[in-house]
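These notes open a run of structures that come right after.
Below are two complexes that have chain A in common, paired first with chain B and then with chain C.
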Partner chain A sequence: MSDAAPSPMLEIRNVTKRFGQLSAVKNVSLSISKGEIFALLGGSGCGKTTLLRMMSGFETPSEGAILIDGEDVSQVPPYKRQVNMMFQSYALFPHMTVEQNVAFGLKQDKLPKAEIDAQVEGMLKLVHMTEYAKRKPNQLSGGQRQRVALARSLAKKPKVLLLDEPMGALDKKLRGQMQLELVDIIESVGVTCVMVTHDQEEAMTMANRVSIMHLGEIMQVGSPSEIYEFPNSRHTAEFIGSVNIFDATVQHVGTESSQLSSEDLDCVLQVEGGINALEGAHVGVAVRPEKIYMSRSKPEQGENWALGKVHDIAYLGGHSVYHVRLPSGKVVMATTTNVDRHEQRLTWEDDVYLYWSASSSVVLYQ
Partner chain B sequence: MSKLGARSVIAVPYIWLLLFFLVPFIIVFKISFAEMQYSIPPYTELVEFVDEVLTINLNIGNYYYLIDDSLYAKAYLSSVRIAFFATIGALLIGYPMAYAIARADANTRNALLMMVMLPSWTSFLIRIYAWVGILKNNGLINNGLMSIGIIDEPIALLNTELAVYIGIVYAYLPFMVLPIYTNLVKLDNSLLEASADLGCPPWKTFLTVTLPLSKAGIIAGSMLVFIPSVGEFVIPEMLGGAETLMIGKVLWQEFFNNRDWPVASAVAIVMLLLLLVPITFFHRYQSRELEA
Partner chain C sequence: MQTGKLSTWSKSFLSVGFFFLYAPILILVIFSFNKSDLVTVWAGFSFKWYGELFRDPQMLGAAWISLKIAVLAASAAVVLGTMASIVMVRMGDFKGKTAFTSMITAPLVMPEVITGLSLLLLFVAMGQSLGWPGERGMLTIWIAHVTFCTAFVAVVITSRLQELDDSIEEAAQDLGAPPWKVFFLVTLPIIAPALMSGWLLAFTLSLDDLVIASFVSGPGSTTLPMAVFSSVRMGISPQINALATLVILAATIAVFIAWWFAQRSLKSTTVVGDD
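For the complex of A and B:
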């Protein structure tokens, strides 16, 4: 976490959470700086929600500490924390109007009425919900409810805003639109934000930094492109986007480039730079499908190629994903952009050469 | 065919209600306009056809009598008062019970619900009679208190209004607990979390979120306790003694002691009209809830 600012807004120090025998979160440390939008990304049961609930105060860490703006809040109950959450279900109070929902948190601070009214008005304006102020939540659409929930969680000007699966309750079409709008609003307010999601696209669209969680541990933290281009483990590489991983043995470690061999390939695998492993070590070499080229003729390069048969084609409109079966039986995915409408495309059972550059491959140690 | 099927399904309860609610009501209503006489049945007919003369005798004297004799007004007021405070008592005991059951984990929840309902599986009469044994002068409570030396002589519990309250609250408690429980168990926990998240301590969350959202359950439970309590006969008869005045007892006396069926019918009709007020209120509220 070298890129964190000197005094982080939210700091998680060696936090562990156990439920009976089960450890939901295992010795997690994180540092999130002011104004950052940070995403906790992982599958179900990876501990991301438990971690978020510890930040909000609904769970207490079994070990470790949570600091907000330098202050240890591990034992502080949720109603005394300067942290607000937008719930997955939005949790709008059904017996209150939009206005009353947004004012709810402000009323707890015993602010003068005029101040509350002004603040509520400003918040509703921010989320474009002014004309719905007098409506009840059940008279609103899903997207409108989300706006109200956001306004309510921002109204108290929290130090940290927590988003629990922010798009979970919206249909797919609305998601893309709301993702960007949410980011605009959060950035205009300048609040530090932690979101939890299982949707990698959502995390990558919205967050400045993403952390991949798996089995209660943080696998990798980085910007969306770092995580995609330089995954540090098989799990991360496979979780984010699709990937081809060759099981390989290190043959030669050099400074400019290093060579490996794989049972799936007849040629040498070449990667850029050195490898942090001894010769003879077993590692994985990951290549993203869009970085693999396809050709009917043999490529000129002597390394990083394979000959296979087209096994399956997934036509996705803008691009197609080809599943190519190598003689070893391994299936490699390669994508091509469908630029020309009339081009003579590869089809089932065609022989095809696959090739990629050394700079496109990533060595995975675990 | 399916329409016919649907209609016949709806028809069954309606025919039932018609036969066993509306027809008896009309009979009672009819008798309330008759005059008492010593015969079988012990009242005059409303419509007579003698010597080609059709006479309809509508006697409103029974109703006049109810107004004239202050006993009835007192009995109605006393019934409403006792039912009202008993309902509040049942609410104060029933709400925390319902809350605790709704918050318990799924397994204990069923056991707790069973314990609420279990007593209703034995006869109502026997359960009320058991309270006589508990409350009487040499009953469980008085003997217990005397044996540990808190009191020297028994305190009068049986045949007091307190005993009637105990009886009603005890007997009707499940009718209070169940609707409130059904309401609270549906309460979305994330609403309580949201309230805490926005700075509301637990006691205030209860007042601003839980309580308003369980209003429908509170009203339903209160109606289910209040309405039958007003006309309650067994409990004041067995636990209340001579001083407790309730309309159910008056009704019984008119019917079986005085054998004045017309006045007794008038008492019943007025009681029904009195109860119509809270019933309409309840119905209005429910249909409004359904719309929302």
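For the complex of A and C:
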């Protein structure tokens, strides 16, 4: 495969990081190609920040290697790596102006003054901060500070840009706007980017590829839609979005479709294709709430349905989430889009039929 | 804080408190402009004693020595205090950190008499066994003052360093500055106001120290507080009032400058007007 894939810009090879007895990162391998925006997504304490700090050089791996553009940098200190980071707190230098902040990295490279000035001007233009060049960081708003931090970390044209919780210090409304703006800037520069976040929406909006981390290990790597539609474990399915998981037993494995049974359902659970397990094995069957239909009359299909009572309704404006309690006691979530303003909607304690297609369910083995 | 009218009770307590604290000082300042030779009898306004003071070579000599010692001691204390603070705040956990931290700040609570006596014993023992310091004088006073001033400076700078976000220094490293350059280009400018107020604090502490200086001074190195104290024992001359007034003025200016620097550093690091 020498001619096929271009060599990755950033490669993590079997990296483990231990702090005393504790392993923060366990045998992680990743390969990130040039120009990609890659997100490390996970809850607090999952090791994502430690992994990022190893990429930037603030931590050294206990085992394994980190390669940037084919060169092993595991032992190279942060000030000698062609990697720049945008910190969660932005970490702007409070005693310097916006201009001086952006110029700081270039001055360390001892570039001629004219070149530094041109580069700083270009960077400030890129992030639309030219008119604020003479201001100090404490005279800027949160969003403006973030732009300066971004300009500063891009000024040295790093091979890899690292973003640590890029929207962590912004309020919710500003986030949505800055997410897209950030992606536009990063893509226009064409830099390879690795971001760390605990916010799945942020990761899915910004990244080309997402990896889910849990307890120091990588659970799944894929595009946002792959991870959402085809989760490979209960943890991933539950971490990204909401999901209904039925505990099921494999009844019949076929090539076109396979059947399972669940104590929560009276009918048969049917999934597309085969199952990688023997008959009688216990697995989970996941169905996303927006893939479940609701109706007052019994559906025509003989499988993948249930009758329940509306237990709770969360009206969210654009859509509503119905919590339907099945006779077994299990609560299933179903989402409907509120298309019609005057629609006679289902209400509390109504009997309702739930049904979904075989292609909507995903079998989870672990 | 609530602003409103104080009750009569609170007001009278406040005035009693202020009177207790500041009346003696006020009286001293007033009497420094006294024409009379007697300290306690008012005989009209004059600058006579200020003139006398500036013609007294002994007092002026002592003041000059004190000033030199204070400047040198404050400067050395700031350098050592900064180093100690960085070790305490930035070096992470090391073996004996607790012992180190408490030993740095021990001189804060140590009675001056004990500090002075122990330093005197040390200097005598060293003089006998090593031949250095040969005799006590400005050098030994300077060393003694650096010792206790460092403790105060370390406290001031430590608290400033603890507030400083680690990631600012990391960002500088990330942008290509090796650690020593990060210190001079980023850390030092940010904590500069704390260094300044630490220096001023050390300067005033050194300037008015009597006890420790008395233990470790030698012939020909009389500091201003020592000169004042010995002249007062002969009987209070109105000249001392004039001198004291000048010292109060100098201390007030120093405190004001220190406060101004502290305010400025507070303003430049706190976030104003977030959106």
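Here is the rule we use: the second predicted complex is superposed on the first by the 360 of 366 C-alpha atoms of A that agree within 3 Å, B and C clash if a C-alpha of one lies under 4 Å from a C-alpha of the other, contacts with A are read in each partner's own complex, and residues count from 1 in each chain.
Going forward, contacts are C-beta pairs under 8 Å (C-beta built on N, C-alpha and C of every residue); 3 or more make two chains touch, one makes a residue touch a chain.
Remember, it's a predicted structure, so these values are computed and weren't measured experimentally.
After alignment on the shared chain A, the placement of chain B and chain C results in a clash. Touch criterion met: A:Gln108 reaches chain B and chain C at once. In the superposition on chain A, A:Arg152 makes contact with both chain B and chain C.
In the superposed model, A:Asn138 lies in contact with both chain B and chain C. Residues 56-58, 77-80, 83-85, 87-89, 91-95, 104-105, 108-109, 136, 138, 152-153, 156 of chain A contact both chain B in one complex and chain C in the other. Within the complex, the chain A residues that touch chain B are 56-58, 77-80, 83-85, 87-89, 91-95, 104-105, 108-109, 136, 138, 152-153, 156.
By the touch criterion given at the top, residues 188, 190-191, 193-202, 204, 208-209, 212-213, 292 of chain B touch chain A in their complex. Listing the residues of chain A that touch chain C in their complex gives 56-58, 77-80, 83-85, 87-89, 91-95, 104-105, 108-109, 136, 138-139, 141-143, 152-153, 156, 171, 174. Residues 165, 167-168, 170-179, 181, 185-186, 189-190, 267-275 of chain C touch chain A in their complex.
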